[in-house]
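Got some structures for you, see below.
Shared between the two complexes below is subunit A, which pairs with subunit B and subunit C, respectively.
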Partner chain A sequence: MPPGKAPAGALLRSVRTVFLKDWRSELRTRYAVSALLMFVVTTIAIILFSLGSEGASSDALDGMLWVVIFFAAMSGLSRTFVMEEERGTTLTLQLAAPPAAVFFGKLLFNLVLVTGINAVTVLLYALFINGFVIRTVSIFAVTVALGSIALAAASTIIAAIIARANTRGTLYPVLSFPIMLPLLLSVIEATRKASEGAFFAEAGGEFQLLISYIVVVVVSSSMLFEYIWKD
Partner chain B sequence: MSGRVRLDGRELRREFDRRTVFRDVAFSVAAGETLLVTGRNGSGKSTLVRIICGVLTPSAGSVALESGAGRAADPHMYAGLVAPYLQMFEEFSPMENLGLGAGLRGMPFDARRAAGLLERVGLSGRLHDPVRTFSSGMKQRVKYAFALLHDPPLLVLDEPTANLDEEGIALARSVMAEQRQRGILVVATNDLADAAAYERSVDLDASR
Partner chain C sequence: MVLKITLGVLLTAVIVFGIGLPMSPHPQAWYELPVIPGLEEKARIIFFHVPTAWLSVIAFLTSMFYAIRYLRSRDLRNDIRSSAAAGLGLMFCILATLTGAVWAKFNWGSYWNWDPRETSIFVLLLIYGAYFSLRSAVEVQEKRATLSSAYSIIAAVTVPFFIFIMPRIMPGLHPGSKGDPEGAGPVIDFKMSPNMRVIFFASLIAFTLLFQWMFSLRVRAAEIEAHNQQRG
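After this line comes the complex of A and B, so read on.
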């Protein structure tokens, strides 16, 4: 067996440990959840105040939902790697866990985090923003689900890249934007179709693009991660 | 397994930002032997330690850790490290840290063995307290338990007695003596009190 290749059972246990470590750490500190929730509440409140009683077009509101989700992700999802760097535990993880286990464990944690935060964001947005109406719920539900997976996948590998940079706070959204542009355009378009009441099949193109995006990002990230992680 | 373990470093060079830290470093250590790494501050002792542990890639050359029959060994399973710059997960207790150490390696966690190890390093009364409440010497003791949990055939100690009191230093010496019987011991230090006990050595001041 070549070095670094653990048996599948051991690798799964290792992935689970990385995920549970981050999960328990988050339950004890609530650092990422607090940052994300405060960002979501503050941003929705600002949108609410800026719109006042005038409202905005449905297209603009669909786009704004994803602006909130994108920047909320930028404020919290890099924590998973930045936290290890700040606490000096990157070496401990490098020493004990195979790189693939670290990547997939962190990806799983970010996926759970972003799915939960997106659910809260959508709920608050639908409750408080007048004029935001979803007519085809199935399109919207699949869009949010695929969008969350794609967001978690892209933000995990970008967080690993920027974690060791001195300017990581500003670098994260700047580096993320071009990488996430295809994802953002697809979810905004699919959300527009959901609010217009399109048939489910009409959003097939966006769903195919999102699934392709997820596969490409996850596969290429898992291949590149060892090089990012080791040095 | 540990009886046949072997560590070979060939023509190792490491650069940071075009600055060469060391070059042409070579060593060969078999089970039962110890390697002493010495050098001034900034000579690259910790860099070489990281390369030996498989967490840093050399700019040139290679390190091969063989588990026997010419098979390359997985450093995650074969190496244990104690170093001042290695940090435990401080929001967790020593027992939880050892549980994480086993889980990260994909191994089942033996709580009784972990408790025994923590008692051996002198932490019997603090098994479930968060590591962030510990002194630097107590954290160093947790690192010893974390490094020994998986019985590593290769144990790497960077400044092994850092932050330790007399009792802790005696513990470090007993761990080193045991490792000499069990596999390969690598020690990076400038404390040459026991220099005669090392069969192999690398002086990084001579490799710049």
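After this line comes the complex of A and C, so read on.
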């Protein structure tokens, strides 16, 4: 089957296959999940130690939550593509599946991973950080959900680029940060509104920005992925 | 040759008239520039600062244009153009940041205070920085061209959020932000008198021509270098 010409049903099946492949290999080693969880726990512990008995302002704590989430994503999400390079399975995967299936399969895997990790992060953060209060839960829930999707979308394409370059670890946050700033600024602003107890409609602007960001990034990266993936 | 003479005349005129023309509260003669409340003599920066910022965006779009052409044709000459445009863009971006920071010191009291405009130029700087660190991290020429092309396209689709949307919808100090008492929108629409507009657009044209000239010089130099490397 020539790549790109596959009917929608076949494409969906291969997306699912790529996703399940990553899912199973993750379950076997639990590398990404345990690394990410430990990262989140360590970072929150550092925040707790550095704050000591002093409280920080609510604004600072809202922003700090996203600092934890951003760097957690940076430490684990490049794994899906870097793993293929390290094991030398890139070539096999190039032959076995059309590029679109690989991209959306990996995107789905990163999405599941980042949503799970963000849920745990938010839970731990709310439990242990005093002074972090969310007054409008609906805004916060939508923000975390949209933020996770946007984070997964942007980090997947950068991970694909980074896996092909020679220095993988250090370059990942450097390349991701400017791309992710629109998303970070709007989720921080929305979180601030949620903790101030604003009405749901007041965060509408941020949600529109996030949704358009997700659409723009997913569409452009699905078009570019084929060029990055095939030499 | 025609390009160089036109450029010389235009730039000289912009510098002489932009700095030399007197400002008066009630302009009568053609050569008198109006005084803009809150900006006064400091308004003259618009003839030089805005064109550099404009060029850093034009260079970015040029870089993206050649990045797309590279991915379509896999012709390394397009990659040379893409990276040459990005290099010039980085230079003009630094110039716009520095002139803006100096102006901010005199107008707002500090060199940097995270106005939405300052955030957006900072992001542009970061993207240029990331682009060149990605290029230096890849050894193989074709691979470097492909990856940096892909990155510059991804960056180009996310940057409009900063350059065009955010500074207009967020309150800020920069002229033309939301909350500016005279309205949000491009400054030329509501603050500039006709004679200021003539100088401003002459400056934009001159800087764009300057970019065109520097760009062709860099491309020619890079092509000769690539040619020499091939011959060993």
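Please note the rule applied: the second predicted complex is superposed on the first by the 227 of 231 C-alpha atoms of A that agree within 3 Å, B and C clash if a C-alpha of one lies under 4 Å from a C-alpha of the other, contacts with A are read in each partner's own complex, and residues count from 1 in each chain.
To be clear about the criterion, a contact is a pair of C-beta atoms (placed from the backbone, for glycine too) under 8 Å apart; a residue touches a chain by one contact, two chains touch by 3 or more.
Since the structure is predicted, the reported quantities are computational estimates derived from the model, not experimental observations.
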With the two structures laid over each other on chain A, which partner does A:R24 touch: subunit B (first), subunit C (second), both, or neither?
-> first
Max touched-residue count on subunit A (subunit B vs subunit C) belongs to chain B
Quick one: classify A:R87 as touching subunit B (first), subunit C (second), both or neither.
-> first
So, does A:V122 touch the first partner subunit B, the second partner subunit C, both, or neither?
-> neither
First (subunit B), second (subunit C), both or neither touched by A:A101 | first
Mind working out whether A:L77 is in touch with subunit B, subunit C, both or neither, as first, second, both or neither?
-> neither
Mind working out whether A:D231 is in touch with subunit B, subunit C, both or neither, as first, second, both or neither?
-> both
Who does A:V174 touch here: subunit B (first), subunit C (second), both, or neither?
-> second
When the two structures are overlaid on chain A, which partner does A:R13 contact: first (subunit B), second (subunit C), both, or neither?
-> first
On subunit A, what residues does subunit B touch that subunit C touches as well?
-> 231
Which bits of subunit A are touching subunit B when the two form their complex?
-> 1-7, 9-14, 16-18, 20-21, 24-25, 28-29, 87-89, 91-98, 101, 230-231
What residues on subunit A touch subunit C, complex-wise?
-> 154, 157-158, 161, 164-167, 171, 174-175, 177-179, 181-182, 185, 205, 209, 213, 216-217, 220-221, 224, 227-228, 231
Residues of subunit B touching subunit A in their complex?
-> 50, 53-57, 65, 71-76, 79, 81, 85-92, 100-101, 103-107, 146
In the complex, subunit C touches subunit A at residues 71, 119, 123, 126-127, 129-130, 133-134, 137-139, 142-143, 146-147, 149-151, 153-155, 157-158, 161-162, 165-166, 169
